[in-house]
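Chain lettering (A, B, C, D, E and F) follows the sequence in which the chains are written, and residue indices restart at 1 in each chain.
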Amino acid sequence: MSVGELILFGIIKFIAIVFGWVMLVATVLTLMERKQSAFMQNRVGPNRAFVFGKKFPLSAFIGHLLSDALKVLVKEDFEPPRANKWLHLLGPGIAVIPAWLLWVVIPFGPGPMPGAEGDHPFLIANLNVGVLFMFAVMSLSVYGATLGAWASNSAYSLLGGLRTAAQMISYEVTLGLNLVGVFMIFGSTRLNDIIWGQGQSAWGIFLQPVGFVLFLVASIAETKRAPFDLPEAESELAAGYFTEYSSMRFAVYSLGEFIGIVAVAAVAVCCFLGGWQIPWVETPVDASGVPIYGWLTVAQIAIFLFKMVIFIWLQMQIRWTLPRFRYDQLMKLGWLYLLPLSLLNLVVTAIIMYAVR
Amino acid sequence: MATIHVKRPELTFAEKLYIPEVVKGLAVTTRQLVKNVFTRKDITTRQYPEEKRPYPDRFRGRHRLMWDDDKNVRCVACMLCSTACPANCIHIVAGDRGDDKVEKYPVSFEIDLLVCIYCGFCEEACPCDAIRMDSGKHPLPSFSRDKQRIRKVQLLEEGDFSIARRGGRGT
Amino acid sequence: MPTLKIDGREITVEPGTTILQAAQQLGIEIPTFCYHPGLTIAANCRMCLVDTNKAPKPLPACHAQVMDGMEVTTQGEKVEKTQKAVLEFILLNHPVDCPICDQAGECVLQDHYFKYSAEPSRLFHRKQHKPKAKVLGPDIILDAERCILCTRCVRFCDEVAKSSQLTVVNRGEKSEITTFPGLELDNPYAANTVDICPVGALTSRDFRFRTRVWMLSSEESVCPECERGCKIRVDSFENTVRRYKPMHNPKVNDWWMCDAGRGSFRQYLDGRMEGPTVVRDGRRVATQVGRALEDAAEALQSAGGMGQVAVVVTPWLTNEDAYLVGRLLKGPLAGARVIMGGRAPGAGDDVLIRPDKNPNKRGVSAILAALGVAVKPLAEMDLAGVRSVVVMGDQNAFSDAQLEALGRVERRVVMGAFMGPLWQAATTFLPTRLHWEKDGTFTNFEGVVQRIRRAVAPAGTCKSEGYYAMKLLQAFGEGGLAFDGPRQIFAALAAEVPDFRGLSYENLGDFGQKLGEPPAPPTPETPPASMEASA
Amino acid sequence: MDPNYAPYVPVAVVSILVVGLAAVILLLNRMLGPRRPTREKGIPYESGVDPVSHPRRRFSVKFYMTAILFLVFDLEVVFIYPWATRFKAWLADDAFAPVALGSMLFFVLVLALGLVYEWKRGAMNWE
Amino acid sequence: MADALKKEDDHLHSEYLQVAMGPSHPATHGTMQMMLTLDGETVVDVDVKIGYLHRGFEKMSEVSTYNQVIPYTDRLNYVSPLCNNVGWVLAVEKALGIEAPARAQWIRMVMAEMSRITDHLTALGAGALELGGFTPFLYAIQAREDLWDVVEEVTGARLTTSYTRVGGLKADLPEGFAASYAHAKSEVQRLLVDVDKLLTRNRIFYDRMAGVGAISKEMAVDYGWTGPCLRSTGVDYDVRTHMPYMFYDKVEFDVPVGDNGDNYDRYLVRLEEIRQSFRIIDQCLAMMEPGPVKVDDWNVVLPPKPQVYNTIEGMIAHFKIIMEGVKVPAGEVYGYTEAGNGELGFYIVSDGSGRPWRVKVRPPCFALLQALKPMVQGELLADIIPTFDTINMIGGEIDR
Amino acid sequence: MSQKVVDAISARFPDAVVSTHAYRGDDTVVLKREYLVEVCRFLKEDPELDMKLPVDVCGVDYLGHKTPRFEVVYHLASITKRHRVRLKVQVTEDDCEVPSVISVWRGVDWFEREAWDMYGIRFAGHPNLKRVLLYEEFEGHPLRKDYPQRGYQPLMPMPTLPTEG
């Protein structure tokens, strides 16, 4: 493909994926989380904003989505006078940019088989270091929170920022290590390859059960959700690192957070839940290994999204069920339990692979 | 009567691994989620303006002034309510009615609902069954302080005939 | 000297003393309705029945005289039973009127019923009806149903007011109080019948339905309407004076006061000036007290010698104010013409009302005289050649000519409380406090010095004349005269003025102190009531 | 275009797009929203009182320790990645398989020793 | 202590961060301030400041009649207002030397215990909330609401109950009380099971609570602790059993005590006390008999309304009590009861008039909160929150 | 409350007791100021009395009713022996100071601060005698009976109020 085509397809795919899916999911999530938690807690949740006061199916949902979005747009773009102006603005920006960026390596649907030539239609950039790129981008988001916190010039923000930094970097190691088992088994860091591999053998969750649990834990910690929501622990730090944020700046932070949740769910689906694979259904491929697209592809994309929703649901359910850790417990859990366990998982996987080779 | 020591549970190894308890907790919340999504049986939220909670008979709501036989104000401005009021929210100006049956009546009767603490002492203190708090209506918000000072006319709108005989006039 | 025992406590009293008086000496309370110490004894209410060993039946304590060896029981089953019976009888035909009765709260019947009976009613029959809201006189309304026929009012008219306008007609349960045909209860002391009525039968038309009495806050003071200086109670509610009530002072007014004095408070309720004004460039503007005082001081200094300054002092000053004013007149203003203002004389009688209608003429005159300030009467006021004048008080009976002369003076400093002609005339106006906003003392015509107390918070930024005098003294460089409250001023006054020697707020007591008499030993302000548990 | 670099073109494109997008929504808010700063609004949140101490001071050294710990481990984890992707292929080679496994085990052992060392040194005492 | 790390020549020291937690902070429900000095996450020092909710209860009481104080007591410990109502009237009745009729006392016990349950439910739920568990919090609050429905049926208000009167009660229990109580009880117990499942054996919760905010027996007593918090340290002290008032000596119940005096024990003690309170209520309901709920003395209670409307005797008594209040003989008494947080005492000095000369409230929280400093010093920032919660600081009660 | 405690104090410190009384079952001992700490320590440490629980400390203003004007009231209880006692110390207005018993019970800390706050009674030896319920800038001691009903306080914006001339 020519450079022009690459750019064109990049833009089209980006718009399709990011706007058609990611932003939609993240926005709906903000509402769905409130709804879900409400029903768990015997409440009804948001149900008052209608579209122009009209009631029709889902009108309350759409009303809330619209009003939420509009509200943050027209609120005062507030900048604390004592804050560091540019860093204060940069914080939310840096927080959301990686969240968008890491979608370039996530395959939504079937692409060419490993080793086969051809373009992946459901993937923006078919990088051979896909997951590595993802981690690289992901680690950037810690800067967003920390910079914003420091720039706010508030004690609470600072404490939240420090906690964010400490927590995210601590769990990043585990997060990375837990995928290593999957890479070992499937011999690639390309998510497309891993998904194909899972279709051929078994889903990652069965091959790496411990890895999956550890990944789940670490991913919740990475997305700063309860029981790992220390950076914004509202009963301790009011709102943690974004205490001094409001309007769109705040919304961008939480957007980044929600996109992060979706992204982590996508990675989990790719690595452990078989990606777009439907159990017991073979993906038809042509001779060169490129899938033959048809109605099955639509079903596969749908199942991919469905798996993500399930994973997101699980994350949410956990978030609204558990109390949160204390700082030292969190760090201990990360360094003294999860890290050694993932190392052990790695070793055991290697030995088993060696034994059964 | 005895003293019992509360037993601190010894966490089992499995519980120390977090997972069983997390699953148990998830089971509880998921149960509620499913139940509420499909049956709404446990939902306690009331959709307020459309769906109103029935107040019990004894509920102390907004005040009302009762009527005498001619639908006039029953109150004789004895000021016991404003005396008993711990918040000093009742302001009465008494006047001469020039009437043979009751000489005295409230020229103005104002209750400042923002000051009122709804303790019910005024209805308890009223010797004529003139003020009551059993309207079954809670105080409503408004956009000005002045609207929260409710006056005789408003208080009488909620009124009713009282079965008690008029105070201030012996048999 | 008979010796008797009341409730086991022994006392020896003068022969002819009643049991009630003896009990009072012991501090034992016996309930009464018809008994009033200022009136003759009727003994018709039977509330004061006590049990004695000298009679088979209970005796009325107000009437029965003590006997030697008498043993009186004021408590116990028998007396309680009698008291309950009396109260039940009195309440039989009493209407259920407390909500509309002005007396509720200071009603003796309420107090006694609650204290001595508190039993539910046993009555099932209809009550006797009598006229309600019957107008007896210009200020008196009778509710015959509430009357308990104690005849205090009848006796008062006969004995104190000497006008015999009231009587009891009919018999038995139909009895009621009324005026003699063709007469009205219109004697100048008629409103005292309202005070002594133990229930709400006689009520004041003036006070009717205005305020519930239990909400009033009261301060003892002195009626300023004439030089008698009756001891009164100023009742106020929400910082507004609602009524005067006479108080017992054997040295001045016994228990009574005249209707004119009683109703006089109304004239002071409206038209108050609450802040100082000055005239600047021909326009009257509001200002601050400090600025107005500077203005006043400047006016006095600009006169060019005290010969061209005239000062009208008023007999409405308290002794304390008069002392400070006197210091001012004696010091920086020495040489100024000093005129004694005040109201014009009016009618008097031989009961209480005095012709001179100023409260403190004697005190002010005595103090100024003692300080060596020569004072001319108002009639001799001569403002010729005067460039600055200070007028104190609103109650000065200036003739029209005098007012006109006043208006011609170049600088006119007025200390007054009201927006009257004097305020119109003032180039510098300093608002003053009314007598019920001041703490201090008045001296009546007989020389009885009595306390007046602040009953309501002063309006606006009003200060007393004494305060202005003190500030002016300081402005003239006599800074040493700084007092903190009237108590200190009175102490200084007592030290300097011979008539007042030895007096202090402590030894004025409840009834005041007559000038020239040896002061009584000091009594504490409030008698200590025991809060130590005993039961 | 070199196929190795070709996938990075969309990455670059997307990078520009997301930066632009972030800038746009933040600026959009700046244009649409009102600006009414007040003194009270400008005070950093500190539970309703004026802040007592300046937050930009030297905070506890423990946080730096965590950062250093992370650096060490994250770097080492990066070394495992290439190995992991090749491991499966190496296993096919019987001769090299034990070496592949052994080298990784040794590497992990060193990592674990490092962790234990840190732990014993008290770097993991956060209380 | 602060200087230990700040040596002159040490250029690598870290600095302490001073943070004001409160008065307007999510954790300080009930306004107060903790001025924290932090070394990273560790609390070096804490200075507790209260008074943000001071309304002058004691001063207001001095110008109110004894009955007029009752609405003020609602606002002392506002999660268990009935305990305060009962405590106040018991103290006044002690000063008067009278005793309310048996039925009134039984009902007071029922209502006080119900209030205690709401108090503990609030503390438990808020404890979960402080640790980020919003769901158990709402379950507990929902249970509390169910009880408040019953309270509202009885008293006419959920929170500002003002139910008791000197010499009795405002009114008897309404018709159908037993049924609505039984319903509420089953609801509460059902929800408590869920709360229990979500929290008690969950290791995250366990680790956050156990061993945190511990205080020794001796220290707790020395600080004047009472109530569930004192019992959690292992001291068996409950006013209801030590100095039985009303009919607490006639009902069977157990006093739960803990061993360690830490947050987890306080949690467990409260959980158990809820069960015991239900036991007490059940017994009270079984044992109470019909009868008057006010003493038969018009010097103390208002006459019945028909008497007021129709007879002058009733009218006068009514007027006297409203105008002047219940006259309490001169003297001083200290009346104390077991409220939700411990011993709630009212020290009343009367001068014989209808208004108290001096009222001193001995709020249980006051003693509890002053021990906060030694409890959290040296612990982590996050530990303040559950500790602060389990001592169940109530601003209305501390500041009065 | 218990007569036993009163007897024990009277027996041990005959000089310290000004008076005793019992009213409605509350036993009260009025102590001389200088003996307060000693008596308190005795009460706490004597195994027979064992009054380890400091229940309450408060001031009372008896303006116009009693002299001396102030009283500091201590309520003490024993958990093990189940008895209580009320100690009172009388203080004059001019010498408004009592020794602090914080050395005996730490729990009286805030109670003493409150009494200082509300009545201006100083507790000698209290390490941190600051206002507790009111703010530092507050003037006067509000529970004193002569505290003006309407007065100006620093930091409190109030409408113009008439001031004494």
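The rule we apply is simple: a contact is a pair of C-beta atoms (placed from the backbone, for glycine too) under 8 Å apart; a residue touches a chain by one contact, two chains touch by 3 or more.
The shown structure was predicted, so the numbers you read here are calculated from the model rather than taken from an experiment.
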Touching chain A and also chain F, the following chains: E
Most contacted chain pair (by C-beta pair count): A-D
Most centrally placed chain - per-chain CA mean versus overall CA mean: E
Chain D-chain F separation of Cα centroids, rounded to whole Å: 60
Chain centre separation (chain A, chain D; CA means) in Å: 15
Euclidean distance of C-alpha centroids - chain B vs chain C, Å: 46
Chain centre separation in whole Å, for chain D relative to chain B (CA means): 57
Residues of chain C touching at least two other chains: 94-99, 104, 214, 529-535
Chain B residues counted as touching two or more neighbouring chains: 22, 25, 28-29, 32, 44, 80, 83, 127-128, 167, 170-171
Chain A residues counted as touching two or more neighbouring chains: 40-43, 155-156, 158, 162, 238, 320-322, 327-328
Residue ranges of chain E touching chain A (in the complex, touch as defined): 17-19, 25-27, 38, 40-41, 128-135, 138-139, 142, 198-199, 202, 204-205, 207-208, 380-385
Complex contacts: residues of chain E adjacent to chain F: 50-51, 54, 56, 58-59, 94-95, 97, 218-219, 221-226, 235-237, 242-243, 331-334, 336, 343, 345, 347, 349, 351, 357-358, 360, 362, 366-367, 369-371, 399-400
Chain E contact footprint on chain D (complex, rising order): 46-49, 51-53, 55, 57-63, 126-127
List of chain F residues in touch with chain E within their complex: 23-26, 28, 52-56, 58, 60-62, 65, 73, 75, 79, 82, 84, 86, 105-111, 114, 118, 131-135, 142-143
Complex contacts: residues of chain C adjacent to chain E: 91, 94-99, 104-105, 109-111, 113-114, 117-121, 123, 214, 529-535
